[in-house]
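Chain naming follows the written order as A, B, C and D, and within any one chain the residues start at number 1.
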């Protein structure tokens, strides 16, 4: 038995495995495959103040060891969320975190304020890195001044655990991590998708209705791992690592690089019970290597 | 009906025609209830360019032997790999997924129409309709005589009308050109096939106010309603074709705008 | 028969397929597999003023649909190049381009000056994007002011075709393309490798001696294609696209996105005759689609 | 000697021991000249996690049948896939690659030593040495009796001395503990095996001033000298083990510094 518990700000997580936003719906969709209470937490779908229809179909293209998506934050808005989804989420025996999105700082702030009041949501993940919307999203996450402004504004109204989700589409991701830390975020999560594109040579057209989209899956793991390693050395707040994790070994690599916790995203499309399999795999690894807790291996490659 | 992820065992793989084949897989756990129109998400191993699962309609179910049939057309590397499955190999499925066709009421006149791999869901649908005491009729369309798939099993359930684009067998033209389709007073039409075929069928049914359900084949990543990639514009906004579909009543689709 | 010729600055290339630097040695290594004169050109190994030993072994790690390298510009320096390699290259019946690297602006300038004198080298590719060296390299390619300075300095002494090779590890690659254009480069090539990392969970150590390295191969194709598309819309000079091209279809996608020419890199490790196969595949595609020249499809996805 | 890229045909796949197997492949074009110590770069298909080719030593060559043998140990997904090759399948190789062992002069006393998949190049080397009129001796090391590979073909070429780490067969210990190795006046020692074994052999040979060549198994991307990933520090700087090697005289290696 190894101790898998980890802490992020004031929150204790049963284990370091969290389902990533936009890849686990509201959790219920995966309940046939695993017991959500065996996970560290789930981060539900990207949510906005107003309902959004998202981008036109086609929104998806398969790529080498990965996929592009251009969903564009389709969701029913916070009113619907509060009334119809929150009551269900409130019953889950795992941390439920909401991924917060906006076109403007005001929208981010208003949404965060509303979520601050929902007692069963102990944390939000501020998404300043969505590449699939014209306004907001990645624009905040790729400009240091805008990032600082939106994080500071949300921090003022949001009193629980604030996680900032960073974009990999930047020259120096540690700059954004330091800004997050400086503005009082309890943690950063990285990476969101890499901006990519696919073309169908036979039709001579882009495969996505939006031309560009977000690349996820194992293809991006080397880049994500590098960024997690860089950020873990640059800030003291916990780093939540993700990007291409397919199994426990991948998750462990992120932890060795310095991640306190990990998120699993695209893999859920291929193996809808991967979340709990990864929890079990991490435990098995620790036992085999004779570590009594996951914290013993966090960032171990940086220790000497 | 709980969804599950399971390694099934391939018990058969038979070629129907150039690039079409039927795979049979056996569940040692015992099959769950599967409704006509539902699909599976198949994991393709050993195909380096196939990252995601592949959605495939349930072609037939034999509860007695706990066997599912899949009718597959080779379209690319994923289906190509599936075409080489041999008995004894495992096929990992996430299933059963999606909604289902609405069964007819007693006494209704129903036509099941499709072409190519769109025939896949129609056999099981026909079987269920037949079991419910209604006689299914089938209208199947093909490019030409050499592309016609064996349809013995359809024939055993009800009358089959054929069309080929070049008239080399059955009626010349598309399924919508088949006289029985145009002239008989159908209460319900079910369709699965290439998009142009489904749109033509939908247009015909609308003009004659016939209840019509189609099974869409939108690109899918998850099949579980968690990626929101498979959306289709409907009168109630963008819906997931993997959970709210793949079967839609054509009156709910905004086809006029999407293409 | 389709006309495959393309132009970059004053140079005419037989076809748009060029072997990428660092992945084709000095060309001779691949002559058993293909006739170099059937290619548009070859860009030989990254060259520096002084000899370099490169980084310690291990320098390579396989990743999902790609690989990381940390070669670190191992080469024998320009003196050796002039004496022993140039005479061989001078006999090739294809454009031979040298990839130019330095720790300092002075080194870039001095090396370019020397190459300006070598009549059989019609162009240089200024590599301001190597992620595998501590000094120089990517540092120039990720800071706009430094990029401008080094390009301007080289432009002063180099009178033939100047191609600037851009780094994908930036927030906005079009900025660097515009700087290259502004400082008088005849073309830009992109992308160099993405900075990535790999860890061996069993040994709990990084797989590369340098921890981080450059990611190449199909994994990065969606990102490379997106950047080529962005840059092709941002500048008027020709764009040479690369990153993950494995076959003619991939190459065509880059051309459709706006690349005038393409480079093939990592694929040569797996299929050493891919260069000419890609040339033939592009021709076949054009014939099938009834285009009489490759220029008809360049950037076609942007045309309406 | 021109390198080539060619689809060869698998004509045999036999298991030698748990996780070791020998693949035979046939060249319909006729084999080029292959020197002992050279290797091939094998393309692994149908293994999604195997992106690069896999370097494998030439284990044996039969010019009469245009057949190459490869002795392979299952180490991960790439070799695992190769272990499932069946006769008739194609195996795409880039070959022949690398330098080669230096053959002994008439009358020299030569020992070929290795273990595990390091035995691979020693059979063909032994055959070539034998053909040149020199008697090869072999010293083969294994973990224990159950890991010993069949070595009939070695025995047919010359005396074979065995060691096992636990003494369950042959001499207890490593190859360097075999009395014949330690005591006989060898002129040349050739070695291929795990790095610790090669270092021990090299140390012994250096101390006794015996000519010693080792075949390195550095990680390779290209095998052609174009990626510079496979370097080994030598007295003449970093050299590519794929073109300047894989065979090196131990006196040229800077092993003391690299680990």
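Some points to look at:
The rule is short, and it goes like this: a residue touches a chain if its C-beta (ideal position, glycine included) is under 8 Å from a C-beta of that chain, and two chains touch if they have at least 3 such contacts.
Bear in mind that the values here come from a model prediction, so they are computed numbers and not experimental data.
Think of each touching pair as a link: the shortest run of links from chain A to chain D has 2 of them. Averaging C-alpha coordinates per chain places the centre of chain A 34 Å away from that of chain C. Annotation: 47 Å between the Cα-based centres of chain B and chain C. Once the centre of each chain is set as its mean CA position, chain B and chain D turn out to be 54 Å apart.
Here the CA centre of chain A is 36 Å from the CA centre of chain B.
Across the assembly, chain A contributes 63-66, 217 as residues in contact with two or more other chains. Contact with two or more other chains is made by residues 48, 50 of chain D.
Taken as a graph of touching chains, this assembly is arranged as a ring, one closed cycle with exactly two partners per chain.
Screening every pair of chains for touch gives A-B, A-C, B-D, C-D. Residue ranges of chain C in contact with chain A, taken from their complex: 63-66, 68, 142, 169-172, 194-199, 201, 204-206, 211-212, 215, 217-223, 225-226, 229, 244, 249, 252-253, 256-257, 285, 297, 300-301. Residue ranges on chain C touching chain D, taken from their complex, read 22-25, 29-30, 32-33, 53-54, 56-67, 69, 71, 74, 217, 266, 268-273.
Those residues of chain D lying in contact with chain C across their complex are 2-5, 43, 49-53, 94, 218-233, 237-238, 243, 258. Within the complex formed with chain D, the residues of chain B that make contact are 45-48, 50, 81.
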